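Should a chain be cited, it is by its letter among A, B, C, D, E and F, assigned in written order, with residues numbered from 1 in that chain.
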Amino acid sequence: MDILLSIIYLVATVTFIVGLKLLGHPETAKKGNSTAALGMGLAILGAIFLSKENVPNIIYILIALALLIGGVIGWLIAIKVEMTKMPELVSLFNGFGGASAALIGLVEFGNITTSSEATIVATIISGVVIGAITFSGSLVAWGKLNGTLKSVVKLPQYNIINNLFIIGIIAFSAYLVIAGIGNPVIAYALLALGLVYGVLFVLPIGGADMPVVISLLNSLTGIAAAITGVLYDNKVMLVGGILVGSAGIILTVAMCKAMNRTLGSVIFGNFGGAVVAEGVNKTLGTITNTTPSDSAIMMNYATNVIIVPGYGLAVAQAQHVIHELEELLTKKGVNVKYAIHPVAGRMPGHMNVLLAESNVDYSLLVEMDDINPQFNNADVVLVVGANDVVNPAAHNDPASPIFGMPILDVENAKHIIVNKRSMNAGYAGIENELFYNSKTTMLFGDAKAALTELVSELKGM
Amino acid sequence: MKIGILKETQKGEKRVAMSPNIAKQLISKGFEVLVEENAGKNSSYKNTDFTEVSASVEKREVVFKNADVLVKINPFDEEDLKLVNKGQILMSQLFHMSNPELVKSIAEKEATAFSMDAVPRISRAQDMDVLSSQSNLAGYKAVILGANEMTKIFPLMMTAAGTITPSKVLIYGIGVAGLQAIATAKRLGAVVEATDIRSETKEQAESLGAKFIQVESEGEESEGGYAKEASEDYAKRQKEAVDKSLFQADLVITTANIPGRKAPVLITEEQVSQMKNGAVIVDLAAAQGGNCEVSKMNKTVVKNGVKVIGTTIAPESVSTNASELYAKNMYNFIMHLTEENQFKWELEEEITDGTLIVKEGQIRKN
Amino acid sequence: MNELIEFISENLQITYILILATFVGIEVIKSIPAVLHTPLMSGANALSGVVIVGAILVMLNADPEDYISLALGFIAVVLGIINVVGGFAVTNRMLQMFKKKK
Amino acid sequence: MKIGILKETQKGEKRVAMSPNIAKQLISKGFEVLVEENAGKNSSYKNTDFTEVSASVEKREVVFKNADVLVKINPFDEEDLKLVNKGQILMSQLFHMSNPELVKSIAEKEATAFSMDAVPRISRAQDMDVLSSQSNLAGYKAVILGANEMTKIFPLMMTAAGTITPSKVLIYGIGVAGLQAIATAKRLGAVVEATDIRSETKEQAESLGAKFIQVESEGEESEGGYAKEASEDYAKRQKEAVDKSLFQADLVITTANIPGRKAPVLITEEQVSQMKNGAVIVDLAAAQGGNCEVSKMNKTVVKNGVKVIGTTIAPESVSTNASELYAKNMYNFIMHLTEENQFKWELEEEITDGTLIVKEGQIRKN
Amino acid sequence: MDILLSIIYLVATVTFIVGLKLLGHPETAKKGNSTAALGMGLAILGAIFLSKENVPNIIYILIALALLIGGVIGWLIAIKVEMTKMPELVSLFNGFGGASAALIGLVEFGNITTSSEATIVATIISGVVIGAITFSGSLVAWGKLNGTLKSVVKLPQYNIINNLFIIGIIAFSAYLVIAGIGNPVIAYALLALGLVYGVLFVLPIGGADMPVVISLLNSLTGIAAAITGVLYDNKVMLVGGILVGSAGIILTVAMCKAMNRTLGSVIFGNFGGAVVAEGVNKTLGTITNTTPSDSAIMMNYATNVIIVPGYGLAVAQAQHVIHELEELLTKKGVNVKYAIHPVAGRMPGHMNVLLAESNVDYSLLVEMDDINPQFNNADVVLVVGANDVVNPAAHNDPASPIFGMPILDVENAKHIIVNKRSMNAGYAGIENELFYNSKTTMLFGDAKAALTELVSELKGM
Amino acid sequence: MNELIEFISENLQITYILILATFVGIEVIKSIPAVLHTPLMSGANALSGVVIVGAILVMLNADPEDYISLALGFIAVVLGIINVVGGFAVTNRMLQMFKKKK
């Protein structure tokens, strides 16, 4: 019995590792998820039926009930929720995991005696505190992403207060471990402290940084699970938890990088909240940044891609790279076309000269009037260094100097990626609301550099 | 409404203001199109090409007599005006600022005249802008013309019989024509340098692979996207900066213009005498007096081994494309001015206001 | 510090496991395309639901009379399984995105 | 040894067989160089350019009188031969297979003659191969010439005034000239198709971006790297395969030659009549009778709206480069034949054997 | 004491992992080596001084002596040997490691009693056998690379015999574990069997495949070390050994891939010996293949690189990629030039047209006469799709059709990389001895594809 | 098979360590440029010299009178240290190649 359980745990652990590994590649990711899920199922069944003999039936019934209720709830939420609400859902689920850990800690707290080893005590206390932090923190993150919690609280010296608070919790816990526990109510105090800190920690953080926070909290939940694993000397919890913990940290760092932040600035404050990021415009809204790798995936899995070249392509001399991109996508089975606006660039036929230089096939260059109806079918439009020629103000804003000029209707596409160096205006010197469109993501950088990165990301897929 | 297309009578002109394609589009919009006999001959359009799309091909007099709107490329001349009737609407380039007499004569005829070269350079007027569409072709053709006249080839070639160094091409004025000239020369493998009084052209020139020759400048040298007349001081500094390149150039193309004025002189006779034996200058500003002191309109002057070609025939010589583009500009212009085949006469509207020079004998602009 | 050393020496194997698992976690994750960040986070989140094993153990070990423990354990199991089931399901849905259309 | 450079007398010819640069190199090797007055004028070389490098510039008669070796580009003609002395060594293109009389006249003068067009096409002779060096320039210039004559531009342009479709260029014969023509037309943005009887040229044409038009062929169509005369059957199949492209072409360049024979007729008058109005044909084989039935040497014939330009002046018109390369070929040739300024007369050696047509009045080849 | 040792072992283990990780990148490789070496030093010192108390001094002296002797020998060999002899040296060293494991097994064999656990017995037996195999196998590999052992033995059915032999050994060992050991002489029998199998295993394998074999044997040594670690319950040996074992297997597979072989064909015969590879020419010798990644590293660490383009570049339309390569190298501080032969390609100026299309700066194109003296200073010459223009036959072989034609003297460079699709001849239709030059490596493949790979390898550095 | 299961259950921690270490080895090595294959092999070879620790233990545990064990141990140490020292030194020399010239 015991051996079998051990082996089941071992297998589960391996599925976790393999699953995580597979999750790292677009092609294998789904398989990775199933693998890990399978392992998890095994571990749960093993835990129920093989850990202990002679358990009263009522307990089994209760467990089954709990699993049923929770399972159905989890499943339904996951299936029902809109695609766009997924990140907040992850946060919510994560919070539940944290809560579970905290509750376990609470129960075990009751079993602590004065003769308990310090290790055990430390484990239990950390479980409660960390679980509580992730629970409340995740809930706040969920609320924020959800739109329920809007105001960004920003007291003066907020960071200092925050950091003092967590140091206080740690000191108190350390004291408890060394001095021993006098009163079981202390467990609830710790729980409360953790909950408060979780709120304090996440509340001041701006919505844009939320994914980083969720990832961090997720990593914490992993650590809580690992600690619980130590408590029960349970390898699958230990290894699984540590895996999530370490992978989570790396992931958090990677996400920070992708958003041009440091993990330091995430943990120790000056979190996005107060800084008004570039690209936030009072009337037009916020822009969304993207990375070459995201753009690459998006294009890789598209069926129709339309490239809109503009003056910036010429400035960057990126004609060779864009051709490489087009060839690569074509080889991957994507339909690629270029939409040539009659006044793109700075002279008549500027884009033609440019693209002819890199041997782009003439048949791929489509005139404005012919391509405009096709944007409906485009999964991705890649706008490279163009601005005025895709500015909807030409349609919408009679006051605009370009009003009345025909433009490329890129807005009709499913998704728009805009590459330029900054939020600077083009020839006509006017703002472009396309950049603030919810379907648009901005890929900032010199066209040549950005496209080169895009190409190498694509090659790796 | 009947639109009459006249055959161009100016010497060397091969274009025509209409193409069969565009005639068809006009007709489908409900216009009638009358084309003068053989108007399209030099642009490779036969009379039958026009009749096939239901335009009618008529004798000159018939066109003048029947048309409501008369369309040309070059300004109406004395001969044309004799045949113009009261109330007819004339459309062509007029260069009204430099041709006050012409404007007066039109007014005397109590006709109405739109000038195509006066289309304002605003975004929505781009598709009616004949200056742009023709300059563009001029830039291309100037390079081809130069290449044809040169005794050297453009590209670098390392061959068994020795290495041919690439030709050096220098371009003055980086407007529409200048940019296309850069692009064309660069394509053929030349080493291209270019200069302009407007500093924003630097990035544009570089985006096409040319080296920009920067002339130190103090004041504002441009106005609403066009160049202002250069100060003497600027002219001096320009010479200093450009001379070295000029004296090594195999082909020089000049395109500098200041709207409504004589073209600035950028290359003096003295400078020409210091140029390489065998070099060629193509002066696209010759019609406005020329950027090169030596150049004569529609002539090739050889000075100290340097061929100076003064021309405007650059776009004319690629007449098929030039006519097509001009015709398309005309189409867009007419569509802009009319509604259900009738003129709207929105005199406040920027494009109408800018191009309408004479209205029923009334001179609106000078 | 002393405690730490003591812990390590007492739980040497565990320490090795911890360190090695950390390395595995790091190595397995590094250099993933950014677009997988969210699905991966979601997947990792589902994995962290492994804490449910602990919750199950709490219930198994609970005295059937100890209602508080049982209740807490029950809630812990519910929450944990929501994390697990919901987590894997959501990840799976996110990954639908990566199916080649056609 | 004194090397005399003669001015070319053929009409339209602007080249000269020597450049100042190469004269200098010869002189540094111990040769004396005599250049006829104004020989380099049309290649942008002044007399002083030659005297500066210590060549002497002399009157025609003096050159004929004093030189040991007389160098030209075009075959020596009657006028020239009158001045040739016994024992003098003549070097020029002779086209001896098609010019038996000329060879006889030279022999009668008891002179010696090397024919530059007879340099064998082996690797080590590449740097003396004037056919290659001049064909190369011809290929380039044919395109420039065609582009200048056309009423269309080459590249695709999508502009506010409409889209200009790219010109279609069709090239017959993918030898040295054909390849360079492909490269040049392609650079300018044309859509290029090409055909040749030798199937190994497919890959070469494609390596320069042209589409190759494959003509089904049964037999061996080439011999030692050169084309054989095509069978009638082949000619028929060729027409079928190419006609569609021909009738849509804006510019056609023909370069097909069969060494020592009349050039094959590839485009009949009937075909010309089906071509596009405004199309241009540049026939580089005109001197060998032409690849186009209609073409006349050094004339532009207009047939049914199609301009047919028969020319060999293509390389001549880029005279500066052409002269440089020819001169370099001559230099290499002379260095190959001599040792310490004396002819080696290695009659067995492949290059000497191939090019030495008349030796001291003795005709060696026909 | 014990705690300290544990911690030392732990630290050493971590240095092994980190060191191995660092070894995987050109920039950090040296640091990785030092890190691992440091950890190893620690582990050795710890083992000597902290494992056991009350050891007689004579033992310490003996150990010190052994370390001194071995250390000096190892150091001297490593320092003295020529660069080209390094792979065989690795093999030799590896053999020593195997021997060491076998000897330990032998000693421990003496301590086996009938009451010994099966695990212990299995461990000892595997240690002896695996150690012996790696020892003799490595020695044979060394001898082969060395040139001492030349003949390739090739009995009929060799593989079958070989495989039966190893199955026999395994069966015998299993029997011993289950039945118990009767006679200590059996240890020597196992040793002998292992030694014989090592020889049998490596002997038939051709010289070209030797690096794969060495890597495989190396992996085996790691496993032997790990097994010994189990025996002594020594974590640093265990983890270190396993690391080497698993990393070694992966490395072996990677090497196989780079050589276009499968691991299967390596282990179960049909090993290179008999197959005459393409590129072996009776008079000219053998060619050496290379990979984009090797070529990339070579160029990355060069100071001067000269690119020789030829007709193949035009055929492949690789002008844009080569320009990208040149730009990339230049950005990395490498001096890059193009050597343009006057008749490269198929028309005068072919290379010029081609490279102008991709905007290669004219000043980088150097004529033959000017570049020829510069080949002396070139660290790497990259010949892309050129053949006749770099064929030394033009100098050496009066019978050759290209004799007398001036060529690019690429032979004077330190290293030459030739990219073409096959061993086919060029325009002149003749063999090119340059390809067989010992300084030349062949990068086979279409120029565009190969250069694209090269570029992406370079970007990763 | 039974033995294996027994071994695993008896040495559970060790098994975890084995598996995790294997993963680390694999993950750490995968996708290295081919030119590093040889240095890496050499480095790994040096690491496999860790077996010397075993040899040292043999000697430390040997009875000073047990000459055979001592001798075998002695040889094992010598061979092992050659592997270690030579291995690292050779690797180091190979890696000199990667120094940027200048």
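Convention: a residue touches a chain if its C-beta (ideal position, glycine included) is under 8 Å from a C-beta of that chain, and two chains touch if they have at least 3 such contacts.
The structure presented is a predicted model; accordingly, all values stated were derived computationally and were not measured.
A.B. asks: When you check each chain against subunit C and subunit D, which touch both of them?
C.D. replies: A, E
A.B. asks: Between subunit B and subunit D, two touching copies, which fits better, same or different residues at the interface, with half of the numbers shared as the threshold?
C.D. replies: same
A.B. asks: Where are there more C-beta contacts: A-B or E-F?
C.D. replies: E-F
A.B. asks: So how far apart, in whole Å, are subunit B and subunit D when each is placed at the average of its C-alpha atoms?
C.D. replies: That gives a centre separation of 38 Å.
A.B. asks: Using mean CA coordinates as chain centres, what's the gap between subunit A and subunit C in Å?
C.D. replies: 18
A.B. asks: Where the CA atoms of subunit A average out and where those of subunit E average out, how many Å apart are those spots?
C.D. replies: Inter-chain centre distance comes to 41 Å.
A.B. asks: For subunit A, give me the residues that contact two or more of the other chains.
C.D. replies: 17, 21, 235, 239, 317, 342-343, 348-349, 353, 356-357, 359, in rising order.
A.B. asks: Tell me, which residues of subunit F touch at least two other chains?
C.D. replies: Residues 14, 16-17, 20-21, 23-24, 27-28 of subunit F touch two or more partner chains.
A.B. asks: Would you pick out the residues of subunit B that each touch at least 2 other chains?
C.D. replies: Expected reply: 126-127, 132-133, 136, 155, 157, 159-161, 164, 187, 189, 209.
A.B. asks: Okay, what are all the chain pairs that touch?
C.D. replies: A-B, A-C, A-D, A-E, A-F, B-D, B-E, C-E, C-F, D-E, E-F
A.B. asks: Considering only the defined contacts, which subunit A positions touch subunit E in the complex?
C.D. replies: 317, 320, 323-324, 357-359, 456, 459
A.B. asks: Can you tell me which positions in subunit A touch subunit C when the two form their complex?
C.D. replies: 16-17, 19-21, 23-27, 29-30, 32-34, 36-37, 40, 43-44, 47-48, 51-52, 55-56, 58-59, 62-63, 65-67, 69-71, 73-75, 77-79, 81, 83, 86-87, 89-90, 93-94, 96-97, 99-101, 103-104, 106-108, 110, 118-119, 211, 214-215, 218-219, 221-222, 224-226, 228-232, 234-251, 254-255, 258, 291, 293-294, 296-298, 301-303, 333, 379, 457, 460-461
A.B. asks: Okay, in this complex, where on subunit D does subunit E touch?
C.D. replies: Touch list, subunit D to subunit E: 122-124, 126-127, 132-133, 136, 139, 176, 179-180, 183, 187, 203-204, 206-209.
A.B. asks: Okay, in this complex, where on subunit C does subunit A touch?
C.D. replies: Residues in contact with subunit A: 3, 7, 10-11, 14, 17-18, 21-26, 28-30, 32-62, 64, 68-70, 72-95, 97-102.
A.B. asks: Help me check something: in the complex, which residues belonging to subunit B touch subunit E?
C.D. replies: Residues 155-161, 163-164, 166, 189, 191, 209.
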